[in-house]
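Take a look at this one; I'll ask things after.
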Amino acid sequence: MTNRRQFLSKAGAIALGLGMVGRGQAASVPEAPTQSLAATQPPLAPHAGRPYNPVVTLNGWTLPWRMKNGWKEFHLVAEPVQREIAPGMIANLWGYNGQSPGPTIECVEGDRVRIFVTNKLPEHTTVHWHGILLPSGMDGVGGLTQPQIPAGKTFVYEFEMKKSGTFMYHPHADEMVQMAMGMLGSIVVHPKNPNLHRVDRDFIFLANAFDIDPGSYTPRVNTMTDFNLWCWNSRAFPGIDPIVARTGDKVRIRMGNLTMTNHPMHLHGYDFEVTGTDGGWVPKSARWPEVTTDIAVGQMRAIEFDAIYPGDWAFHCHKSHHTMNAMGHAVPNMIGVNQREVAAKINNLIPDYMAMGEKGMAEMAEMEMPLPDNTLPMMTGQGPFGAVEMGGMFTVVKVRDKVKTGEYKNPGWYRHPAGTVASEWKGELPDMSRK
Amino acid sequence: MTNRRQFLSKAGAIALGLGMVGRGQAASVPEAPTQSLAATQPPLAPHAGRPYNPVVTLNGWTLPWRMKNGWKEFHLVAEPVQREIAPGMIANLWGYNGQSPGPTIECVEGDRVRIFVTNKLPEHTTVHWHGILLPSGMDGVGGLTQPQIPAGKTFVYEFEMKKSGTFMYHPHADEMVQMAMGMLGSIVVHPKNPNLHRVDRDFIFLANAFDIDPGSYTPRVNTMTDFNLWCWNSRAFPGIDPIVARTGDKVRIRMGNLTMTNHPMHLHGYDFEVTGTDGGWVPKSARWPEVTTDIAVGQMRAIEFDAIYPGDWAFHCHKSHHTMNAMGHAVPNMIGVNQREVAAKINNLIPDYMAMGEKGMAEMAEMEMPLPDNTLPMMTGQGPFGAVEMGGMFTVVKVRDKVKTGEYKNPGWYRHPAGTVASEWKGELPDMSRK
Amino acid sequence: MTNRRQFLSKAGAIALGLGMVGRGQAASVPEAPTQSLAATQPPLAPHAGRPYNPVVTLNGWTLPWRMKNGWKEFHLVAEPVQREIAPGMIANLWGYNGQSPGPTIECVEGDRVRIFVTNKLPEHTTVHWHGILLPSGMDGVGGLTQPQIPAGKTFVYEFEMKKSGTFMYHPHADEMVQMAMGMLGSIVVHPKNPNLHRVDRDFIFLANAFDIDPGSYTPRVNTMTDFNLWCWNSRAFPGIDPIVARTGDKVRIRMGNLTMTNHPMHLHGYDFEVTGTDGGWVPKSARWPEVTTDIAVGQMRAIEFDAIYPGDWAFHCHKSHHTMNAMGHAVPNMIGVNQREVAAKINNLIPDYMAMGEKGMAEMAEMEMPLPDNTLPMMTGQGPFGAVEMGGMFTVVKVRDKVKTGEYKNPGWYRHPAGTVASEWKGELPDMSRK
């Protein structure tokens, strides 16, 4: 649920630079709405300014704004948050306005925006507006283009959105730590002409990764490669909502990557084209047909396809470990080894040891293994035909015929209830096994 | 050698779903040919149906099929296999029809195919047809689009090949484990018009990786990044056959990646273009000139070049560790350190310690180091001028003039004898050092 | 400073192959200039042959050459070197002509080049000319296309530069070790027509990585993924010089990657296009707009942009750990934990343990932490507004208006003093915070 809270100006706030909000200005700072839910929220239709077709943030929301003297004003609050990674696991993260990731910022090409950033973290921060063309002093690189925003202070960024596209924001201050703690958010700048690059469904999310020891709540921030929670918008399967479309819809999915490795995003059942990056729109002549687009760190990719094939289409990072939840990577292979007698002894030596099946590991997704508190199963999820044995960066693109199912009561948007997992999809699958 | 074995229907087989083969159907299941060799097999010319120019599977083979009432019928058997990674090393893997990778499936745009999949693994499995446009129920995602195929059962997939291109197949069931054990295979759908995208030589392979402890035979299936055997079609240099062409041939190499990291494939002596992906053919206007194409996990790339420069051209993943065989990554650097006196002491502490040269490591490729059983040397291979000091994802594109050498007795295909290693190339190199 | 040293022919040198320089030839080998500084050197204008606009090698230099009977003759000496990674840290590396990386080799399309390679390493080596179209015998793959060059010997390579572009050179002998020790260099072949692909500023560098334990000087050469020094041309921030341009300049930055992972290079404030690869020039129709270009291992990318926005624009690899210097990746997260009392005890157990802030890690960039000798701080650098908290693959593209600043005394080139760090930029920043 989105709440509104009044910005509380610190009586002792002192302007440290041109951008810092001083005592006299504090009264004019806009409200900072906050979000307590991890479910995908309905798109935020514009209430003023140029019209546009809003995006849907996967397991996220869009930041409300106000118009003031021709400027769109937003208010981000950097702060510690709690995030449900998936039902059964909560993480202590840093984020914006109550959640990690922060809310999506949406505006229109040509808009002048003013973004107040209040720092409620225990250390300084900044916000870098990745991909946006703006004056150097607004670029948000702590120490280089602005002073750091101290704890308790508010900095204001002002710039014009020169071009449409898909961008993101994140700190450029103690950057490795603050991104590892969950600080990131999406930005969409819609074209002035709402018929340009028009689609029927427009989704957005960012890939991020955490290293949270089983049974604990706070990420290890120094991990370079050995992450154990591979997320989209700080959610892991089965916590990631499905991406839904009606048969025939033109669908765009905008994705970014703020992890430490490439994520090759693979869509079943369709080929697609990358139509946009955080650098702009890709000319038609330059596009490749793909079923997997590799998104490098610090890149955004918008893919588009016509949803002409009904069905449940897996959509996931193709690195097999990135569709698993927390697990040990040094566990020996026990295929063919009768290990029941030694399992107890091994557990004495390796506390997080999970005995692996003599026949493979599928039995682990089916059995009820005891897990530490606040820990997701390594492989999980129930589909209409049984265990889907997935985790991490996995969801389903559900393309439904208009006639066969009545689930789209709100024709503009399918609102997925909070906490719904794959098991609730049961029964929705049209029989296409002999189509 | 390709053998034919009769499909043995289990008397107790029970149809568990639409796709499961029941008792009554078992008699009509086609034979499942099997392969015992790791050497590149001659291409399989089509005996029926639309004509096409078959591909050559590097260190692999193509699955024979039969026509039945207008359908091409194939039979894959998922099962434990033994694979020679290179002469001197055997691995216990899981694969299809006797080998890992499974045989290449070839057909033609517009073909209707029926693929029987028999599961002889100790756990359930499925087959996902990566990149193919097909009905959702045929997509092979266990739990989501079909029930898992239990051990001992057969599932039948049926779909039409809507477009030509380069694709692959692999399990979507206990996926991380089954792919880490070697389950994968290539698919080529040829264009209806055999003059479209025509080349003179057409090769295909998939990159995969294993983590097999020195002296052992079975991969560790939980490894996420620290693999020690970097393979093409489950072979490591010097076990990978050369790619051969005559001067002037138009050559295509189709490659896919089912490891856990990107592989930048680098060809010496030529620049090339990527002409196709698993999403389709790349338009001419969109192609880049490259000498190294980065293949992300879950991607396929077809590269093409005119073999106008004769010679021995190295072709390899450009990550230097991926052209090495099993080694320890935490061994200290001894360059400049006289270590002969302490080597014995270190060996007492670190059992797999290999003393590294005081002068570099080239001496290790030249000396006869004692190795554990079933272990490939870290750097190996003999070329016409001495030790090539390679391993892993490395081979040679051998472009030969038609006149200078008589090795192409069969003009349509150069059959490389099983087990041939680089040392046997000696003498074949035209003198081009002062061309 | 560039010095000239006479090539000392070994009295005992014996020609081991066609390419080896024998006793009779030694007198005609050109001088091998050497370089002792890590600062960016002025571009080397051509003194003979076809005209071209020389490049600037970031923290490097260009190898002088001589014309002899229509051939451009160069002399590379492979040898142990000392390299200042950044002020405060020296590494014992292997390189060419006194530095790692080796000097940039520049020539013109159509040039015939003769490159003498003298091996002063303790083990054999070769040089592979990555991306160059040349006869197989000149390709530099030890054992495959030539005999290894033994220690103390000289090999001569001869070929014609068939096409313009951006290439590199590195050993293809004990390759993993020799590249991990710092052996690599850039090659630029300019177009015959100097107006083709013309820019105002043309920079080049290669990404490489080292694993040097804190307090030590020599890289661990077996490291596969866990590097701790992420460099451009063997330099880490704040040791990397800025990239400077005047407002309105057309700027090209050519970059290559010889590490073990992809580097997504991100430029602030601009979008750009990749206009060239090591395979050739990218057709206009095929280019994508980007703000981050992912450079795979063994790839080169030339990006271009018009420097129309003045300011200090961060330019870095977007993997957050690659803009940090040496650190431990397994240190636990102490955010929210009062650890002062236990720090001393932990230090007894983990010698390289650095207590992490209870509030995040920014305080570590600000405080004066005691470091082992010859070790760079994890996060460092001072900008005009305070600590920039960076390391590794980070620098600043400084775009300056012609009128506002007098720093360009030499209009053709801004020579950055050796050892200058970010703190000296203070005061140079035009006030653009409210432009």
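Each chain carries a letter (A, B and C) given by its place in the written order, and its residues are counted from 1.
Just so we're on the same page, contacts are C-beta pairs under 8 Å (C-beta built on N, C-alpha and C of every residue); 3 or more make two chains touch, one makes a residue touch a chain.
Computed from a predicted model, the values in this text were never measured in an experiment.
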item: Chain contact graph, described as a line, ring, star, complete graph or other shape; value: complete
item: Rigid-body rotation angle, subunit C and subunit A, from Cα fit (steps of 5°); value: 120
item: Numbering shared by both copies at the subunit B-subunit A contact, with half separating same from different; value: different
item: Geometric centre distance via CA averages, subunit B-subunit A, whole Å; value: 35
item: Where subunit A touches two or more other chains at once, by residue number; value: 225-226, 261-262, 285-286, 294
item: Touching residues (chain side subunit B, partner subunit C) in the complex; value: 225-226, 261-262, 264, 266, 268-272, 285-292, 294, 309-314, 318-321, 323-324, 327-333, 335-336, 356-363, 365, 379, 381-390, 396, 422, 429-435
item: Residues of subunit C defined as touching subunit B within the complex; value: 17-19, 92, 121-124, 128, 130-131, 133-139, 141-148, 151, 158, 172-181, 218-226, 260-262, 277-283, 285-286, 294, 296-299
